[in-house]
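Across the two complexes that follow, subunit A remains constant while its partner is subunit B and subsequently subunit C.
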Partner chain A sequence: MAIAGLADHDAVAARYKSVDPVYEQTRDMRLLGFVFFLLSDVVLFSMFIFAYLYLRSSVPNWPPITASGHRLPRFDTAFAAWNSIVLFGSGVTMHFAMENWKHLNREKFNFWLVSTIGLGIAFLLGQAYEYHNAAISWAGSTMGASFFTLTGMHGFHVFLGVLYLVVLLVQANRGVYTPSKYFGLTAGTLYWHFVDVIWVALFYLFYLM
Partner chain B sequence: MATDALHSAHDHIHPAPEGFISKYVFSIDHKVIAIQYFMTGFLFFGIAGLLAELVRIQLLVPKGLIMSSSVYNGVYTLHGSAMVWMVIIPLVTGAFGNFVMPLQIGARDVAFPWLNMVSFWIFPVAGAILFYSALIGAPDAGWTEYPPISLQGPPGTTMWCVAIFLIGISSTMTGLNFMVTIIKMRAPGMTWTRMPLFTWATYATALMNMVATVALSAALAALFMERVFGVPFYDPAHGGSPVLWQHMFWFYSHPAVYIMILPAFGIVSEVLPTFSRKPIFGYKMIAFSSMAIALLGFAVWAHHMFTSGMAPWLQLPFMIITMVIAVPTGVKIFSWTATLWGGRIHFSAAMLFATAFIATFTFGGLTGFFLASVPADLHEHGTYFVVGHFHYVLFGGSVMGIMAGLYYWWPKATGRLMSEKLGKLHFWMTFIGMNGTFLPMHWLGLQGMPRRYATYETFAHAYPGAQLWNDVATYSSFIMALGLPLVIFNMIWSLKHGKRAGANPWGARTLEWMIASPPPYYNFKHIPQVLGLPYDFSEPLPYRNLDHKTDPYPAPSPATLSPGPLTVGAGV
Partner chain C sequence: MTAALFERGLAFLGALLVGGTALVQLKNDWGSHGLDAAVTKVLLGLMAFGCVLALLAAINVLGGGS
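== the complex of A and B ==
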């Protein structure tokens, strides 16, 4: 990847290690705690995905056929695909933001983080548009129930993520983080990638499967 | 230079809070939080115990003595829900885990003290919401709240969802907190295989709390949405499946059984060697079997659903894995028995509870084996046999363990010894009362008495002993219940009149006994260095750098200090 000044990985690693032991232990614990938090979040999504697959496999047809005899429509895969590209793109920009922070390119960090926030908001607007134009409702069928619950939970995670990234942007520019102490940014990056990965699963389950 | 820096990291002591609020109310000290958990849990224990007595009084006569069927439904639902989520789980993890585990690993607090405080303060709120639900129409589908009954249940059922969801969040956060604490904050030299067994049990419990409880949160959120917004998950009329709830519920609630029992295993593993004056037998086997139980516990949930219309081919694997769990459990029971063998046993109140635990828990485990077997379960499911079984495990197991731990660690928490005489009286009342209450339930169940019925007139026609044995159970439960005010009196009495305990009244070897009772705010002035297992009762102690003056070693110079928990953590 052609980003200027990203070759000096040793310098990045050296800065990461140069912290005092109290901070190092705190960072270790927070990182582990954050990973565990994401793990428990994975279980939350997994349970609803299990519920979706269970309900889906318990009827002969999917999309299910309603009591009045008509078959529910499939979701708009093409639109969701474009929206997915927006979200995955935000994962890439987040990666650039983090790398630039580690390599002390403050301006590029700001540019990529703001891009990430913008793409996150764009994804949420796309989801709002999709919800608004959906042919099925949350309460109408098990298909609607699992779709809106899972994508809604995911959308809520993206929403919280956008808020978190805004806080990180402000904090980073106020000097809360230093070249060697930036756990908040690490956590934000992890969280954002996590939200991306969850979307891969949801996109397959609702639009492709 | 590095050693000096690490040394100072070690001796990083925060000053104790001054104000009443920060000291006793919104405290971030794990010891204060543990006592808060303990007091709240005991309050709920009293309420849930009274509800149990109402159930027993109702069953004194076949046509039911004091209440209508619908009230009865609410009473046993609240009893079960409160005992599981508001009493046992908070007591074994929040109270004992919080108080003992950081001391045992030589840490100054848990990894995230502030999160610990939030975990605690959710608990009384959740408990209040749960009991408040009784005022607006108590949930009435039993603690398992199976749909579709729970979908049609009174308004309190929604409150029930909220209360259990909240306490679930609290459990998840506590689990996460304890996991990080045990992985990252052990004193130097405390390798995984030098960790005290209660800490091992807490670790296995925390893992399950962190992973499984979220499954319950998901199931509850779906039930809440279905009740409030009509979103179909469980209602077959709208394409949902009631069996889906059972899968999601038991995917949590079976591990929850081990969440409730593993810390009790840990408590007993501490009490038995101390009062036998003998190293624990099979340390590693006990430690690893906790982990085996925790992992296997995730793969057995559907044994609760043999009569729910599950696919028959699924029943066999669930039956076999359930029976396999008896292996690590048996390993523990044999190890405890072997610990007692040839020891110089001192029957203190704590030891009485711990030894009785082995018997009563084993009995509950054996009846579990009956229930795990599909053909037997088809007959026993939904009868009092199940009620007898899980009360032997939860009362004869968890509560007996809690009481053993209470008598064992009370002097550490308060600096005072409880009255041994009253403690032994409490033990015999509890032991006789619990066996008298729960033992008859087994044959009542085998004769076909269904659980959760407010009356048993039909059953009494079929089985002449029905009323006799129900009355035996009820009168025994009074004996058991009277033990509770006795132990509460004993606790309060000891605060003023109990003998001063000193640092180590039982002559135990784990780290919590190497500091003053009650421990100072910072626990350890110097983080000790651990040289070996804490179950060898010979001299010298397996520690260096102790604050206490019984330290047989001279204080080492900073240069010989181990690099600290950082390197230990890095090795994991």
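== the complex of A and C ==
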């Protein structure tokens, strides 16, 4: 029994130490491809952001004044600041998850990755609450249309990110990744940091500017 | 205490905690090399910047909402 256990341990250790030459050779190319994917997403968000800035600069007052003569309200900065911290916190927990993966600490990796997924879901629930209680709607003003388009597109990215992280969690626990071969986890971490950083821009544009 | 004040307080404490942690992680990763490390450093720095914005919003320096 003990010998069988040792043999298992040796097999796992050998698998962890083994280096896949094809993976080693293509890892940087995959990474570069993923960074280009993120850059294409930057372009997508930039187009909508510049459209918003153009619309914003085309009216004399912001928030704009409606046809009926009343000024639209500003968004709730206090709630948005708190919800932003929830999302930024998930970036930190994702970073911790990745560090623990590199240091072979599987339990802490699981804990931090599940925390990241939980914080991502909390952010989405916060955004749903904000949409439900918003004083403006999608239709009727450039402010509302811009806000719901951009934050909705970002929220969709967060939603996809949460699904992606769940897949990574399952894959990691099924042994798809090893400490020397974990490109999927690297890509997931970069994607999650990316949605955090896009939110920095949106938070400033809609709530602080 | 109003809900807005409570949210500002949470945002203030959270921004200090998350921003501080992001900066510590950035410092720890500063010497690491490779494309993924470089992108991670940039993104961690921007996230820390986001925490500064949230902190300033929490204390009403930025943003004019509730």
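Going forward, the second predicted complex is superposed on the first by the 190 of 209 C-alpha atoms of A that agree within 3 Å, B and C clash if a C-alpha of one lies under 4 Å from a C-alpha of the other, contacts with A are read in each partner's own complex, and residues count from 1 in each chain.
The criterion applied here is as follows: a residue touches a chain if its C-beta (ideal position, glycine included) is under 8 Å from a C-beta of that chain, and two chains touch if they have at least 3 such contacts.
This structure is a prediction, so every number in the text was calculated from the model and none was measured.
Novice: Contacts for A:88 in the overlay, against subunit B (first) and subunit C (second): which applies, first, second, both or neither?
Specialist: A:88 contacts subunit C only, not subunit B.
Novice: Going by the contact rule set out at the top, does A:139 touch subunit B (first), subunit C (second), both, or neither?
Specialist: Touch status of A:139: first partner only.
Novice: In the superposed arrangement, which partner chain does A:131 touch: subunit B (first), subunit C (second), both, or neither?
Specialist: It touches nothing on subunit B or subunit C.
Novice: Could you say whether A:44 touches subunit B, subunit C, both of them, or neither, answering first, second, both or neither?
Specialist: First partner only, subunit B.
Novice: Please indicate which partner A:32 is in contact with in the superposed arrangement: first for subunit B, second for subunit C, both, or neither.
Specialist: both
Novice: Just checking: does A:21 make contact with subunit B only, subunit C only, both, or neither of them? Give me first, second, both or neither.
Specialist: It touches subunit B, and subunit C stays clear.
Novice: Looking at A:149, would you say it contacts subunit B, subunit C, both, or neither? Reply first, second, both or neither.
Specialist: first
Novice: Under the contact definition given at the top, report the residues of subunit A touching subunit B in one complex and subunit C in the other.
Specialist: Residues 28, 32 of subunit A touch both subunit B and subunit C.
Novice: For a test of understanding, state which residues of subunit C touch subunit A in their complex under the given definition.
Specialist: Against subunit A, the touching part of subunit C is residues 3-5, 7-8, 10-11, 14-15, 17-19, 21-22, 25, 35-36, 39-40, 43-44, 46-47, 49-51, 53-54, 56-58, 62-66.
Novice: Flag every residue of subunit A that touches subunit B in the complex, lowest number first.
Specialist: On the subunit A side, the touching residues are 20-22, 24-25, 28-29, 32-33, 36-37, 39-41, 43-44, 47-48, 50-51, 54-55, 58-59, 64, 138-139, 141-142, 144-146, 148-149.
Novice: Applying the document's contact rule, which stretches of subunit A touch subunit C when the two form their complex?
Specialist: So the residues of subunit A in touch with subunit C come to 28, 31-32, 35, 38, 74-82, 84-86, 88-89, 91-92, 95, 186, 189-190, 193-194, 196-197, 199-200, 203-204, 207-208.
Novice: Mind pulling up the subunit B residues that touch subunit A in the complex?
Specialist: Checking each residue of subunit B against subunit A gives 5-6, 8-9, 12, 111-112, 172, 176-177, 179-180, 183-185, 210-215, 217-219, 222, 225, 229-233, 238-241, 244, 247-248, 251, 564-566, 569.
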